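Should a chain be cited, it is by its letter among A, B, C, D and E, assigned in written order, with residues numbered from 1 in that chain.
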Amino acid sequence: MLKIEGLNSHYGRSHIIQGIDLSAAPGEVIGIFGRNGVGKTTLLKTIAGWVKPSSGTIRLGDVSLAGLEPDRITRSGVGLVPEDRRIFPGLTVEENLTLGLMQVRGRSASAGRAVISEIYDRFPRLRERRHQLGTTLSGGEQQMLAMARVLVGEPQLVLVDEPSEGLAPMIVAEVFAIVRELKERGAMVLLVEQNVHEALAVTDRFVVIERGRIVLTGEAEDAKDRERLMEALAV
Amino acid sequence: ADPIKVGVVTPSTGTFAPIGQQVRWALELAAKEINAAGGIMGRPVTLIVEDEETTPAAAVQKAEKLFQVDNVDFLTGTVNSGATLAVGQLAERNKKLATTSVSFADSITADKCSPNVFRVNARAGQQSAALAAWLLKQKPKAKIYYLGPDYEMGRSTVAAFKANAEKLGAQSVGEVFAPNDSKDYTQFFGQIRAARPEVMYISVAGNDTARLLTQMQDFGLLNSLQVVGASGTITSANMGALGAAANGFATGAGYSPQIDTPENKKFVADFRAAYKVDPDLYGADSYGTLYAYKAAVEKAGSTDTDKVRAALEGLTWNTPQGPKTIRAGDHQAMQPMYVVRINNGKFDIIDKVSAEDAIGPDTCTRF
Amino acid sequence: MSRPVLEVSDLSIAFGGLRAVDQVTFAAERHRITTVIGPNGAGKSTLFNMISGALKPLSGTVLIDGVDMTGAAPERLKGAGLSRSFQITNLFFELTVAENLRLAAQVLEPAKRALLPIRCSTRAQAKTQAMLERFELTHKRDELAGNLSHGDQRRLEIAVCLASEPKILLLDEPTQGMSHQDTADTAKLVRSLTQDVSVLLIEHDIGLVMELSDHVVVMHQGRKLAEGPPAAVRADPQVQAAYFGHA
Amino acid sequence: MLDRLTLSMRASHVLAALLVVAALVLAVVGSAIGDTFYLRLATEALIFAGLALSVDLLLGYSGALSLGQALYFGIGAYTSALVLMKVPSFWLAMGAAAGMTFVCAIIGGLIANRVRGVYFALITFGLAQVVAKVVYNIRDLGASDGMIGIPVIDIGIGPFSVSAGNPVGFFLVVLVIIMALYAATAYLLDTPFGRVLTALKANEKRVPFLGYSVWRARMVCYLAAALIAGLSGALYPMLRGFVSPELMFFMTSGNAVISVILGGVGTLVGALYGSVFLVIIKSVIGSWTDHYLIIIGLLFMAGVLFMPKGLIGFVRPHVERMIAPRHLRETRAPEQDAPLKAEEVKP
Amino acid sequence: MNALDYLQFVLAPQVVNGLALGVAVVLVALGLTIIFGLLDVINMSHGEFYAVGAYLALALGAAHIDFWLLIVLVPVLMLPLGMVTERLLIRPVFNTKDRHVTTLLVTFGLALIAEDVLKLIFGPNTQRPPTPIPGASEIFGIILPNYRLFLIAIGAVIVAGVAFVVYRTRLGAMVRAAAYDRNMAASLGVPVSLVYSGTFAFGVALAGLAGVLLAPIYSIFPTMGRDFILLAFTVVIVGGMGSIWGAVVAGLLLTQVQALASLVISPVWTDPIVFGTMVAFLVFRPQGLFGRLGHA
């Protein structure tokens, strides 16, 4: 259970997130939409601990996340697939993946290997490229790696920032399939997307952000809500 | 009466910091004694100390401050030969006097001599004369290997000793100049062994000596070799690190704490009481420097540069080492030289050469 | 029709054993939009890298305006009128928006002005101003590029490429990460560009590809799979299988 | 329209003008009370400020940290010394020093500009060490003792003549030369070429795609910096009457870097203030205690940690605000949450 | 001198002594290369940490603590020192764009201070602990002190141990990731703060260990930190920034270059030759002999 209340955050003096309330239940995918620069990424970064909230609470289960260091937040079950992928240069694909294992404490080495091999089965392209430096992957491959890296940690709450960005249609479908799978496993997903149509297919609820505030919320299934959403985004 | 100010530019940082320490201690001791005894012509002496930083550029800047702001008439303490030369030139341009009680490089009182610069310690050539004479008495036709630090002082000490020793029949079997601050001297040991010398002359100093000799000891080289060297090679600063590796080392020096005169006994006792270590030759020469200045000022009846210079030229005064005389022609102090051998931390005097025999010719042509 | 502005023939490169681009041949016509599509990792960006001088091809040739520019350094290619954007935003993040643009526009000035005070570079100034207006960045002109949101950065990236008045513009997924509104605006913009330049585009947004392109080149596993007008390419079963994934 | 870089440069000029005023006051006061030491100390500070200026040109604009800039300072100094001992002509010495540093910098630049970042720092350090060692071993250059006996010259400027031994006169000559170097550098940075340098520091990998040769820009910058260092170095023997290999040693380069850091990287005028500040600090604290290195070290660390933009970085924004048009009043720095190096990211 | 003599007395000992010196250099370079390669921090105070290790050994040795115990004790005591240094000096500037430059500068400041503090506490004079293993052995006519033989052996053990930790555990990748992008690494669960200070402290402890081991041969004095540092930096560069094997190969190679150059040309020119080698390396192979650390 994720519960965010009255969240505010700043970059220096600019007030980016302005009082956001948001909650999610296990197995729920929430789409976060909005134009460029409204603070979607900042919201995810604040939850992940990259940006320290200036006020408000973030609770995951009974852990209060606000103000914790990112590694503590991760170990509380939060995984982040960031906007620009953030593949570590100088590390091979496999090293990038093994780092993902750090998200969970106390897993045995063999269990870790099993998880990785499972991931390779899902992304055969990554197995092919396992000894290549992560940053020399193509854009799409990097996106897969970024997702795969988080998946090995089996987080409760997954924050995904524009995952379909730069992906070929085939892979986009794959990415949303992963999101759906996460949902089925009972994870919560906050999905930031510009690709509204395809995103809606996997989301339960959505919010629209404008200048750091939620201006619209709705059910993905509800036709009226969808209409209002399209209007708000001028799609 | 207003005090007579003496400028001291000596290293308190850098490789030569231990030497600077002795210089400062000795000058402070001398100043305290002189002041207790009524000062110079009734005026107390104050020392103004600045750090030489072991570089000429810093030394000159500090010296200029002493000359122009503190208005000292007399400056001493420089260690680095380059610094002594540069400060000497500055003194000349400021019409003040500078002395060194440490720098060995022959050039300071030879081809680069200056009318305003005096050297109160023994230069490379002097040290060699006594040592070579003693060595060749012990081992006629000795086969000698030379190891010097690679800078002007090192080259001039080796050259001076070589000239002296060869004149007396020694045979030179090889020489090597090691960079200053060398870490490992073992790279020269092969060459040294292959040359099969009986005697080795070294003129490294400070930490370098500690390394060289202990490494020679570790490699068993000290067993068969007589090691001799320049006077600054072993001093109280590195004696502790050397331990037994120093035993048997002989040098030609203007000083040993063992000199058996009442003046020296008193000096050593006072020094030890104040600073808990023995004075070394730098200490002794620096201590003497202040007394030379005192004698000269009293003789001149003034601190005026020209008058004091005239008084210093040819001056004979008393020091813990016995009487010294400054040769008027090149401003080089003449003093009896001792052959000193180290024995369990003590500088035993085993031979002596008179001041006249040690000093060598005056080659200064500038004044 | 005149000679194509860009002619690529038999271009290849390998990374280790991997032939990332394998004997690719195509041409980009003047004042047209040529789009390269293909699955992730097909070698599109690598192809761009070779054309723009970021990578040296193993074999093959690149002609710009009929002049052989194979393997030339980026700054020489720029001189020949080629300008490119980057898939991963690549700006001067510590400089302001206006400075980014002016830097790009500066090449328009004659070389002898390089050592005159910056205010003499009137042409660059004017160009900067024009670009700010055209891309609706005027209100952000003194903002540091690093502080812009992702979408604004993408727009600035295109503006920077255009500021030097190139003959041919290589855009690597220019709308990546843009909102719908911005994507639409950008599409309009790109369309309008063809009055002055020829465009070579990489794009995954298939709607956009169909709408914009005059000519489409499909790449797959380093090779050229097909080329032709958008509709024809889309209908190609091979392309369907390799790219859209629902043959 | 006025932009941010031009604005900060103007703010630097205001501060530079302030420095000149302070220098003139010192000259007047100094000559009135017959001081020589402080004038000559200030002269030395200005000479080393020239070296710091060249370090800042490299570090603050093209982003290349040189740990061996003293090399060119030393080459300038030795060349000038050698010329002065043969022909005591100011202009000849300056010209020869400029020529010599230029030639050496072409060679050094060809070597150093093959690498970037840390490697550049280490290669410049290595080059300086090698040359310093060679000088240290050459008898004809005075070897480790250096060379003394460089005459006090008369500097002819048109119908006037100033003796290098005249503290006020020589101070003013050095002030003019160093400020001219500052002005020339500032001018260079305000040209389109200068902006390419700034771009190099911001994102070197992008620059060729804008149509500029990175190599050429870096090379020109390197040569200009070397010339500044060489010309400053040429003044040293005129002031002090000697040269020694220590002038090329790491400590000299290191002091220049410290000056730039204390003064503020990438401000130009910071290099001048930093150098003056460092000389004063060393001279003052050095007379109090033997352990002044502790204090310099602490100050230096504190500077890097708490005043990352240096003294000038501290003051200049206020000046900027005073002279800025409204639209430039607020510019915020980007928050650091991005990865650090663009180097290995695919183009 | 005949050829055989030359070989036995000159060339062979030169090579063997070069080896011992090489091991010493590698020991000093090891911590440097780890901090440089993993954290991307140029630790200019590494030499001073080496000195601190030596002085610690001296002080504890004077309190009659056995040398063999010191080999373990001193590095352990250095760990907190390294951690504190990292927290106070490195951390605040670690995530700035010019990390290389800023960390280089703060550690340079620290070096200035450390040297002076050591002098303040222990005085300027040279000191030396007794040789823990006295005596010398003769192997094929080459005389080598036993302690140097021991040093070569323990040097090999230390290098192997360190290489194991860095290459065979996930640590290497973890540290590099944390150094490159602290937020992303933290979001993958890497305890970034601990990784930074732990790595730095490890490098510092290695410097201290080198201090303990080398003090009996090279003596102890306040400026000793400057001694090996130049050569160690050169070794790190030539070896490939951060590569452990690179440092070993480069360390042994450069000391041979030095040894042979001092024999064939003149000791005076060894420094320029060694630096010249570094410069040449940077020009022709800027990445060094081996790749960077963190690659398995």
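Methods note: a contact is a pair of C-beta atoms (placed from the backbone, for glycine too) under 8 Å apart; a residue touches a chain by one contact, two chains touch by 3 or more.
As the structure is a computational prediction, the values presented were derived from the model and not from experiment.
**Student:** Based on which chains touch which, give the shortest step count from subunit A to subunit B.
**Tutor:** Minimum number of steps from subunit A to subunit B: 2.
**Student:** Could you tell me which chains are in contact with subunit B and with subunit C alike?
**Tutor:** D
**Student:** Computing the C-alpha centre of each chain, which chain sits at the greatest distance from subunit C?
**Tutor:** Farthest from subunit C by mean C-alpha position: B.
**Student:** Relative to subunit D, which chain has the most distant C-alpha mean position?
**Tutor:** Chain A.
**Student:** In whole angstrom, how far does the Cα centroid of subunit B sit from the Cα centroid of subunit E?
**Tutor:** It comes to 36 Å between the two C-alpha centres.
**Student:** From the mean C-alpha coordinate of subunit A to that of subunit C, what's the distance rounded to whole Å?
**Tutor:** Taking the mean C-alpha position of each chain, the two centres sit 29 Å apart.
**Student:** When the centre of a chain is set as the mean of its C-alpha atoms, what distance in Å lies between subunit B and subunit D?
**Tutor:** 39
**Student:** On a C-alpha centroid basis, what's the spacing between subunit A and subunit E, in Å?
**Tutor:** Once rounded, the distance between the two centres reads 43 Å.
**Student:** Listing for subunit C: what residues touch at least two other chains?
**Tutor:** In subunit C, 45, 88, 94, 147 touch at least two other chains.
**Student:** Enumerate the residues of subunit E that touch no fewer than two other chains.
**Tutor:** In subunit E, residues 97, 116, 119, 180-181, 183-184, 268, 271 touch at least two other chains, as defined above.
**Student:** Enumerate the residues of subunit D that touch no fewer than two other chains.
**Tutor:** Residues 137, 293, 332-333, 337, 339, 341, 345-346 of subunit D each touch two or more of the other chains.
**Student:** Given the complex with subunit E, which residues does subunit D contribute to the contact?
**Tutor:** Checking each residue of subunit D against subunit E gives 59, 63, 65, 111, 114-115, 117-119, 121-123, 126-127, 129-130, 133-134, 137, 254, 257-258, 261, 291, 293-294, 296-298, 300-301, 304-305, 308, 336-337, 339-341.
**Student:** Residues of subunit C touching subunit A in their complex?
**Tutor:** 15, 37-45, 87-89, 147-152, 173, 176-183, 204, 206, 243-245
**Student:** Under the definition above, what is the set of subunit D residues touching subunit C in their complex?
**Tutor:** 1, 3-6, 187-188, 190-196, 198-199, 201-203, 205-206, 208-214, 327-328, 331-334, 338, 342, 345-347
**Student:** Which residues of subunit A touch subunit C in the complex?
**Tutor:** 11, 34-38, 41, 83-84, 125, 132, 136-141, 143-144, 162, 165-173, 194, 196, 233-235
**Student:** Show me the residue ranges of subunit B that touch subunit E in the complex, using the header's touch definition.
**Tutor:** Residues 13-15, 17-18, 20-21, 150, 176-179, 181-184, 186-191, 193-194, 206-207, 210-211, 214-215, 218-220, 236-238, 240-243.
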